[in-house]
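Following this message is one structure expressed as structure tokens.
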Amino acid sequence: MRPSQRRPDELRPIRFTRGFTRHAEGSVLVEFGDTRVLCTASLEPCVPPFLKGKGQGWITAEYGMLPRATHERTPREAARGKQGGRTLEIQRLIGRALRAAVDLSALGERTLTLDCDVLQADGGTRTAAITGAWVALREAIDRLLANGELDTDPIQSQVAAVSVGLYRGVPILDLNYAEDSSAETDMNLVMDGEGRLIEIQGTAEGHPFTRAELDSLLELGAAGIRTIQAAQRAALED
Amino acid sequence: MRPSQRRPDELRPIRFTRGFTRHAEGSVLVEFGDTRVLCTASLEPCVPPFLKGKGQGWITAEYGMLPRATHERTPREAARGKQGGRTLEIQRLIGRALRAAVDLSALGERTLTLDCDVLQADGGTRTAAITGAWVALREAIDRLLANGELDTDPIQSQVAAVSVGLYRGVPILDLNYAEDSSAETDMNLVMDGEGRLIEIQGTAEGHPFTRAELDSLLELGAAGIRTIQAAQRAALED
Amino acid sequence: MRPSQRRPDELRPIRFTRGFTRHAEGSVLVEFGDTRVLCTASLEPCVPPFLKGKGQGWITAEYGMLPRATHERTPREAARGKQGGRTLEIQRLIGRALRAAVDLSALGERTLTLDCDVLQADGGTRTAAITGAWVALREAIDRLLANGELDTDPIQSQVAAVSVGLYRGVPILDLNYAEDSSAETDMNLVMDGEGRLIEIQGTAEGHPFTRAELDSLLELGAAGIRTIQAAQRAALED
Amino acid sequence: MRPSQRRPDELRPIRFTRGFTRHAEGSVLVEFGDTRVLCTASLEPCVPPFLKGKGQGWITAEYGMLPRATHERTPREAARGKQGGRTLEIQRLIGRALRAAVDLSALGERTLTLDCDVLQADGGTRTAAITGAWVALREAIDRLLANGELDTDPIQSQVAAVSVGLYRGVPILDLNYAEDSSAETDMNLVMDGEGRLIEIQGTAEGHPFTRAELDSLLELGAAGIRTIQAAQRAALED
Amino acid sequence: MRPSQRRPDELRPIRFTRGFTRHAEGSVLVEFGDTRVLCTASLEPCVPPFLKGKGQGWITAEYGMLPRATHERTPREAARGKQGGRTLEIQRLIGRALRAAVDLSALGERTLTLDCDVLQADGGTRTAAITGAWVALREAIDRLLANGELDTDPIQSQVAAVSVGLYRGVPILDLNYAEDSSAETDMNLVMDGEGRLIEIQGTAEGHPFTRAELDSLLELGAAGIRTIQAAQRAALED
Amino acid sequence: MRPSQRRPDELRPIRFTRGFTRHAEGSVLVEFGDTRVLCTASLEPCVPPFLKGKGQGWITAEYGMLPRATHERTPREAARGKQGGRTLEIQRLIGRALRAAVDLSALGERTLTLDCDVLQADGGTRTAAITGAWVALREAIDRLLANGELDTDPIQSQVAAVSVGLYRGVPILDLNYAEDSSAETDMNLVMDGEGRLIEIQGTAEGHPFTRAELDSLLELGAAGIRTIQAAQRAALED
């Protein structure tokens, strides 16, 4: 039995609260069980210097964790004076994953910044962040389409993510913190609406894993992502 | 009429959601209208170096604002690599205000860190933060008393804060963002449960103010704080 | 008897040495007893980015303390790689206080930077800095008026500041370091030439203070500032 | 035809120059074609604070690139005052990959730091770095075994890495810079001596990839790594 | 004729004001004409980590310049978040020069920090700083000898410094800012009380200089330093 | 006998490997015995802001040391978040020395950055860096002349450098690390092709040195530099 008492292929309850805050062009609180991430999409009518004059837009992301989102208090990055390697790695991943699903030319010279701030952490914050950020992005783009600022939808596909891992040799889906800490292998999958891979990141924590184990993790993750994508669509229809 | 349509002496709806997150020893979401601040109290069984071996505890605070808590996105301080002057000023104020109400010797060699993170800003974030942080502190201390880790209560008084200001020459209470931006004078008051002053910070934004204007602001603020303190007590009784 | 042996309402000897250094457009060494602060005003024919093209000027301040201005050597902020919270708080206060007395539109697209560097500290450095910086500002503006670069005087009022506090329950004026360290309450007042308040910052260090105590501190401070403003005017007439 | 004119499954010439510098406990210049990375292993008889007293050792890595290792000069990270996100991500990967092959308890309270500095870049610097760092690590451990400082070999497996990608839909092995820039998908594989996966990181740069494409990339990479591991062993036997 | 109208071998008026500030163990304002540097010596009863337990002391220096010490305002290093290369170079030089004249073993486990802060700059700030810092050091050591904290004098020699340069081919002594800016060669000399060299730093600004030119600069500098050292001794006898 | 067993006036074997890396406009590995420095020249078609529109070019240098270039591993400056004082001092010296030999007007609005990265250190890295950087600069300029981008050669003189020192009272040439550590005096000389001085930096490490000792060091260094300059010319003729 896995620590969370869930079946190996069972997701945590997944919830999207749209309009969680009011100023942002998109604002979604995403929950994967006790993991709660506030994802906001902020629109600016300009692009970073390296894209000036190229007639395309940009999507970028920033990630943060409130100091006491975690079991033990984590020092505040703003106070330490820099973002850690883990933070930079995660925010690069989120931005890359979303850009893979957007036609930046169709976006025009606009930047959308997805801020993903973890209010409470219980494992899987990066996959929850990608999943929620896509919904916030969708909201912001829908507003541009509704306003007539955009004619064609630059979003080409739906994006969601989940973690999978091997716990005592058994593939399990959507690891919480306790499971993540004791898993032998930890993998994050990001997929599009057609079930294709946008990103795969797998790490052998305890011992290297075989090709067969990789295959079973991929199956499990793909099924989980299909369920999560249905939840995203349901949230957007509300 | 003031921009918020409230009467000059009318507070915004004030709400405390206790247990908003689960890991911290105290965790309160405080709302003053659309201003929402998550205040957590984190306990560590040690003190900063300058207090080592002095047999007393420490209370400190950190303040942050999510990038899109504001109308326009504010750059993330962790990404910029430092906390701004405003942030440092506010977190120093919060810590000072709470320490004024606590007997640090009675706390023993423990540190309580109050993290005040603004999820949504609409004026008065620092006074909301002080008000919410005191509730979170109260929760954390109550837990230590309940556990038997502390015998006597180190909290000597209740602490709450509110802003007051002069808007077109009229003293108004609990300014929202629109009011704060156009007020001629802006003052923050922190008071204890006996109506005594812990901190007063008043700034002439538009034009200097007279002693008579100061007096009327002090009256207004004192009345507002009494109401807020009743709300704090009610929240703690739930 | 207060530690400095002065009467409760007695200021320290206050001295202004104009032209203390020769390059700056305004340069004043201000002394409040053993507290000595060098205040220089530097003129630049441009404004910060957020004011570009708005047809107005800017006044800003920076504050520093030489490492051995204090009893114990304080680490150099340039070597530590950042300005501390206290420094930022003080320099924000100085800038705000001076701007409250200047018509920035009448200044034109110019920036005046007031550098306040503490050569020797014995309490009250921020109030001495504001008081000296106003004299340096006055010198710099007088030069612009004399040169014909300005036609109308942008300075609308005289600005001075002083500290007051409660020492063993007695209100005292212009605290030195020893008094400041043992006062129960510490308050800084900034006033204009008409006796109106520009800034009030009061903190209960030892125990919260009553409204009656606040009133007595305000009286004491207002009287002290009148004397200091007379000294400012005398220095400018030399 | 791929830009490098190589067959899809053809590696670049791979070369290891052992003892490239003389001070380090292990020192290897690894070349994958025009990509050249100097990998040194430095031994210190202590562990980082979080491992103090746990009776185990630590393996960590740092990555850097000389400013003109690249086609255009890249600003020096030391001069910019921080390591970029890409650098942190790569050095975390190198450290993680090597730790997966070492029994840290058998290493004793020692730290081995693998510095991987890119002298010349032509794509695949991170996989070359992992591959070379393992040889430098092997050298450093062999020295400890030869000295009698260690009795049992803490290295449990051989580690090598390679990049694979989809170029115009065709899976290709060991991408150079030109190929990497135009590939639709880019994947880095790290495997142990038994052909098991230590790390898999795949990113859809151009368009998402299917499970079948992933499978073909994994086959190609696994074959490449077998060849690279043979070259590592040959280098160590010299 | 040189810009300052002085004879080629003429020093500026040199003045030492001892006890310029009151907290430091040594405090001297040194003036070389319009160049004014405040040099304080601060004593701490400990040594930096790399000297712990070696039974010797340490002498170090820090250098700073007030923002408006110069003709144009220079950005404050504390605000920029780092000390510039010129600052670091100068403070390393001051520390090295003073250590060359002190028996660090005879000093015991104490650190003396010489802070050299330029209040007004008109060329030659580094040589003035060394010259003044030695007097402040002498004061601090004399106090330790007088107190009985030291039995034997750790200072082995007198240290002073001066700049020399080639101006239109003529060797000139003690350059002010205008001369320094237009000199072809600029050299700083630090010598001990016996006329031996502690440091020589010469730079061809305009064109390389010959050995004969170097010789004439050395003569000129040596004579200047003898006069400066007499002034140091006179100041200490007051 | 000196530690390296060389005669007092004997240089280490000096070697230049041109084209050591392929992307840079100039790229030279210079070796002085076991000291190995990679010097690259990078061309950019622009100048720093302070030279904009002045019709001249700029030459600058950066210096770095790989962490394990030294006997003990040195912390990586990029990871520490800043360049140390020694690094800044050396790179300022390299830039200054090269600029002294170049007519910046003849260079046009171009910047040449000389990156000097120490792959292995055994004393004399800064003098090796200057010596190698001049060869890399020569290569880059020759390419501009060959391309027709420049008509006249902006390089006015050949530049080389060497260290000299007093070891047990005997002047020795080109100190290695062991000699440098135990020398009483350490001097770096930079000279042009006509034997004139561009820079002289001498420091008394153990005891102050006399004028006679300085003279003998200058002789020794001048002879060494003549030999090194012959080696530079030979390398360029290959």
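For clarity, chains are labelled A, B, C, D, E and F in written order, and residue numbers in each chain start from 1.
Quick note on the criterion: a contact is a pair of C-beta atoms (placed from the backbone, for glycine too) under 8 Å apart; a residue touches a chain by one contact, two chains touch by 3 or more.
All values reported here derive from a predicted model rather than from experimental measurement.
Looking at subunit B and subunit D, the chains that touch each of them are A.
Each chain gets one centre point, the mean of its Cα atoms, and the points for subunit B and subunit E are 50 Å apart. Taking each chain's centre as the mean of its C-alpha atoms, subunit C lies 59 Å from subunit D. Here the spacing of subunit E and subunit F, counted between their Cα centres, is 28 Å.
Residue positions of subunit E touching 2 or more other chains: 81-82.
Taking subunit A first and subunit D second, the full cyclic order of the chains is A, D, F, E, C, B.
Residues 82, 84-86, 88-89, 91-92, 96, 100, 157, 187, 191-192, 194-205, 207-211, 214, 218, 222 of subunit E are the ones that touch subunit F when the two sit in their complex.
Put simply, subunit A touches subunit B in their complex at residues 21-24, 27, 34, 36, 38, 40, 42, 44, 62, 64, 66-71, 73, 76-79, 81-83, 87, 113, 115, 117, 119-120.
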